[in-house]
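Before I ask anything, here is the structure I am working with.
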Amino acid sequence: MEIGIYGLGRMGANMVRRLLRSGEHRVVAGNRSPGPVDEAAKEGAEGAYSMQELVDKLEPPRVIWSMVPAGEPTEKTLMGFAELAQEGDILIDGGNSYFRDSVRRASALRERGLRFLDAGTSGGIWGLEVGYCLMVGGDRSAFEHVEPALKTLAPPDGYAYLGEAGAGHFAKMVHNGVEYAMLQAYAEGFEILKKSPYGYDLRALSSLWNHGSVVRSWLLELAERAFEKDAELQSIRGYVEDSGEGRWTVLEAIEEDVPANAIAGALFARFASRQEDSFAMKVIAALRREFGGHAVKEAGPGGGG
Amino acid sequence: MEIGIYGLGRMGANMVRRLLRSGEHRVVAGNRSPGPVDEAAKEGAEGAYSMQELVDKLEPPRVIWSMVPAGEPTEKTLMGFAELAQEGDILIDGGNSYFRDSVRRASALRERGLRFLDAGTSGGIWGLEVGYCLMVGGDRSAFEHVEPALKTLAPPDGYAYLGEAGAGHFAKMVHNGVEYAMLQAYAEGFEILKKSPYGYDLRALSSLWNHGSVVRSWLLELAERAFEKDAELQSIRGYVEDSGEGRWTVLEAIEEDVPANAIAGALFARFASRQEDSFAMKVIAALRREFGGHAVKEAGPGGGG
Amino acid sequence: MEIGIYGLGRMGANMVRRLLRSGEHRVVAGNRSPGPVDEAAKEGAEGAYSMQELVDKLEPPRVIWSMVPAGEPTEKTLMGFAELAQEGDILIDGGNSYFRDSVRRASALRERGLRFLDAGTSGGIWGLEVGYCLMVGGDRSAFEHVEPALKTLAPPDGYAYLGEAGAGHFAKMVHNGVEYAMLQAYAEGFEILKKSPYGYDLRALSSLWNHGSVVRSWLLELAERAFEKDAELQSIRGYVEDSGEGRWTVLEAIEEDVPANAIAGALFARFASRQEDSFAMKVIAALRREFGGHAVKEAGPGGGG
Amino acid sequence: MEIGIYGLGRMGANMVRRLLRSGEHRVVAGNRSPGPVDEAAKEGAEGAYSMQELVDKLEPPRVIWSMVPAGEPTEKTLMGFAELAQEGDILIDGGNSYFRDSVRRASALRERGLRFLDAGTSGGIWGLEVGYCLMVGGDRSAFEHVEPALKTLAPPDGYAYLGEAGAGHFAKMVHNGVEYAMLQAYAEGFEILKKSPYGYDLRALSSLWNHGSVVRSWLLELAERAFEKDAELQSIRGYVEDSGEGRWTVLEAIEEDVPANAIAGALFARFASRQEDSFAMKVIAALRREFGGHAVKEAGPGGGG
């Protein structure tokens, strides 16, 4: 089929590649800056150096897949294409948008006669080879129209229609919340192993656990790779970003009255990992000095807060 | 090789089967009660109706694998065989023993000239077909001696020598702690999905996530099976036992100063799942009534605490 | 001074009483339904049976204190008075509103020439005797104008101007978040004491801790009272509501990247206390059956959730 | 009455002072090193430069209060005095011992005909002025014998007999667990306030909350003092020690199946505060790089952990 991909970052560029490699699709590849467009064109895509050009190079009903960061960039991209598209065209948001934004956008686009899909996309840098797991919500007819591309992008059985607008991004949000807590599960386990008196080889143990144990998983296979590169992780700081979906999962848990200690704990551990110093812990140190005369550590010259 | 298995519960009986099926081992199967011995004998094992008989039917250096519950039963079994065994014999504890007990037992057995292995065993009811992941600590020469049996019991690459006595059970303990938190991760995610307005088909979503997503795992494959049998889990109560290893993992985290919010949170969620009523929550309800006049729910006739 | 109080629930009625008792204020007391107005009138207030009447009975610049539930009722009350008030009048929200609503309302009211104060109010049913702790944000000139009433309502040093609009309700929100975690702290402690082998008298122990120990507090004094009434809390179910501010505190912690395990854990414990059955725990029970053949509890005829 | 105090650290020395100031007791003050003995002698105590001398200077039945650190020092002190004491003498452990040790010691001392009390002591550096909250377990006749000293050491109603051996230290353990979570409650709240856009004066807000609010407490009075000395706590690092009792409280919660997320979370926050870098967080950073190509922070030259 024919599809336009807008946003040629790592994920978008790899999706273009995967679509092209199949030999089954005509791909128009657009991006705000021209470099990645040149690149994609070299690999067989038709380059589009503007949103207008991307729209012009597709036949109606057009399929335009936005693969830009969530928030303002996605808002601008989708609303920009909404101006240029015509009735019956299909806009897809493959980014990590908040599902409430997707619900709102689906409604705004529907009023213009456009069809919207929110396509939660998992797979990271492995998607090019393995395929992307695609969780799709929104207009059902649009889903059916783009199914050939979804089939190419995903591994076998790796895409599904999950329900009305927002269902895709909601599922992706929870997926990432689960991912946070799974990573935390392994991470706590490895730290306990590392501090044990047994001097475990964590690469070997990850590998062992991946053969027949209850905790075997793809993430644990990646752990094996990570420990292979750096057995003690000496080159890496224990500093972990978060991208929004873990937060939203906790907000949603609170909205729904779900006790979510593991996911929230995983999120808070990331917050803590990024703090130079913790004001909360300063408070406790100060109070312990007040009531017990316990010694405090003085903040160094570069101490902060 | 030649091996005695003592304790023919579900795990032990299946291990006997897996050893026999390979056609490579002579297996003497013992148990406290005779029924399971008869059963094993029918399937090709040599039955031993007492510990003495099991010892008598093996050639020195004997290999005796205990597969009985942790705690008192394991203590009795190992110390019982210690009385009957002779120098150079090998005793293996394949149960879920506390690693500190294994350290102690290894030392006691060593004083008698016996060799000990602590073999943390994962795989559950799937081990018969898939093989058991075996995490082995203890006497290295003993490990080498029993390796042919380990090779049969485990899937390819599914067993390893991890270090001195206790290293096997320590690794198994942490494995289970990680498992607790992974289960909690999925469980929280599924509850958030279930309470969403999207009416997700959780079996379909589990299946989808298993194809290309970051959270794919063996446990998630089992979730797919569980939701296939009972889409809403209506037949099951949210009541979860714990077997000891989750607790020990948290104790060890505390011993080592490791912040383990996810594993501890998973353990505490199990505790809460088993409470008819929570005294802590009664206290809060009572205090809220005291300061704010907030209504409390009165305990019913069967209410308790 | 002259002040109108609208909303004669428990808190509002008691505030009217406290203002009247001082003999220093003229209080116009209004309410949607007439009963509480009659009551207040008997105790010396001037009754107002409609918002219009309340406005009519006050001299400009009017001071109108809304004491109705947060959300829709507060929105309607404030916006209703905004229609009736005239430039320079002062509207005060003493309810438990979300601080973001207060920021928005302050701005909307300012456009109409009205002055707004958000007055976070703590003290519960004890406020009548002890005084209310008042955390006030908003228009500074308005704060100064109403200070005589604040002085009467609060205990000595029990009111303060905290900053621009929202500062009062933000401080009250965090106050309640802290309260959640403090209650949880005591509650966990009392449950551990209760399950100990020592058979503690929890009233006596609460009393003891209130005399010289580090954890003495007003809440602990209330615990003493609660245990005095019902030593084992047998008459109360462990079922705890939450009013919104605990949730908002966790949302704000997430907004600010603050690790807030204690406050979030306290909130989640309340969620759990209200669940008949936990879907998350059903998932774990189901998965344990799948991998280990562990027994599950079957849901009873009334099982659900 | 007549009492020997052994261990003249900050707590022990202040207890000697408080006993002497009352004018009601004869105090023999002993210590391993002579300096504090000289000091106590100057203030009116009779100095004892050895355990033997302390025993010699007391009339039977002797009352000997050990005020040394928990663990080995307490073991040595109590067992040392057990050698020197005679039947009917009373040994008191006022330190922060693990209640299981107290149970064991009570039994060992009883076999020698000695009476034992475990006296959990709260009050810190304020005890001298305010009095110490004393939670006492052990031999009831011994409690009655030493009651005059307890009355002097405690504020009014600030001591009690709680039950058999261990009951005192168990109560003190839980007291400290509650304290951990209360400190964490305030600490999280203050961090959320500090990061808000309202620029709160935390000293003023602590003071405000102490006048009529639900969260008023002695710890919050100390917070007011701490913020008065250093409004932003710039001089203090967010590094918090723990002394054992928080850990034991969590161990006991696990022993009793009590969900204790707030206390455990508070303990883990202290662990995290002391980590230069978190291995768990390194694992997560490494895994995120593996699956998503997310950037990691490289460890600096001094990186470790």
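Order of writing sets the chain letters: A, B, C and D. Residues in each chain are counted from 1.
One rule holds for everything that comes next: a residue touches a chain if its C-beta (ideal position, glycine included) is under 8 Å from a C-beta of that chain, and two chains touch if they have at least 3 such contacts.
The shown structure was predicted, so the numbers you read here are calculated from the model rather than taken from an experiment.
A.B. asks: Would you kindly count the fewest steps from chain A to chain C, each step being a jump to a chain that touches the current one?
C.D. replies: The distance in steps between these two chains is 1.
A.B. asks: Taking each chain's centre as the mean of its C-alpha atoms, which one ends up farthest from the centre of chain B?
C.D. replies: C
A.B. asks: Could you check if the interface between copies chain A and chain D is built from the same residues on both sides, meaning over half shared, or from different ones?
C.D. replies: Same: when the shared numbers are divided by all numbers used, the fraction is over half.
A.B. asks: What whole-Å value do you get for the distance between chain B and chain D if each is reduced to the mean of its CA atoms?
C.D. replies: Centre-to-centre distance between chain B and chain D: 38 Å.
A.B. asks: Approximately how many whole Å separate the CA-defined centres of chain A and chain D?
C.D. replies: So the centre of chain A lies 47 Å away from the centre of chain D.
A.B. asks: Could you put a whole-Å number on the gap between the CA centroids of chain A and chain B?
C.D. replies: That pair's centroid distance is 34 Å.
A.B. asks: If I count partner chains per residue in chain C, which residues reach a count of at least 2?
C.D. replies: Where chain C meets two or more other chains at a single residue, that happens at 124, 184, 186, 188, 191, 195, 214, 219, 257-261, 265, 268-269, 272, 275, 278, 280, 291.
A.B. asks: Sort out for me which residues of chain A touch chain D in the complex.
C.D. replies: By the definition above, chain A touches chain D via 10, 124-126, 183-184, 186-188, 190-191, 194-195, 219, 222-223, 225-227, 230, 233-241, 261, 265, 269-270, 272-273, 275, 277-294, 296-300, 303, 305.
A.B. asks: Considering the complex alone, what residue numbers of chain D touch chain C?
C.D. replies: 122-124, 127, 130-133, 135, 137, 154-160, 162-164, 166-167, 170-171, 174-182, 184-186, 188-189, 191-193, 195-196, 198-200, 204-205, 207-209, 211-220, 249, 252-253, 256-263, 265-266, 268-269
A.B. asks: Please output the residues of chain B touching chain D within their complex, sorted ascending.
C.D. replies: Residue positions touching the partner: 214, 247, 250-251, 254, 257-261, 264-265, 267-269, 271-272, 274-275, 278, 280, 291.
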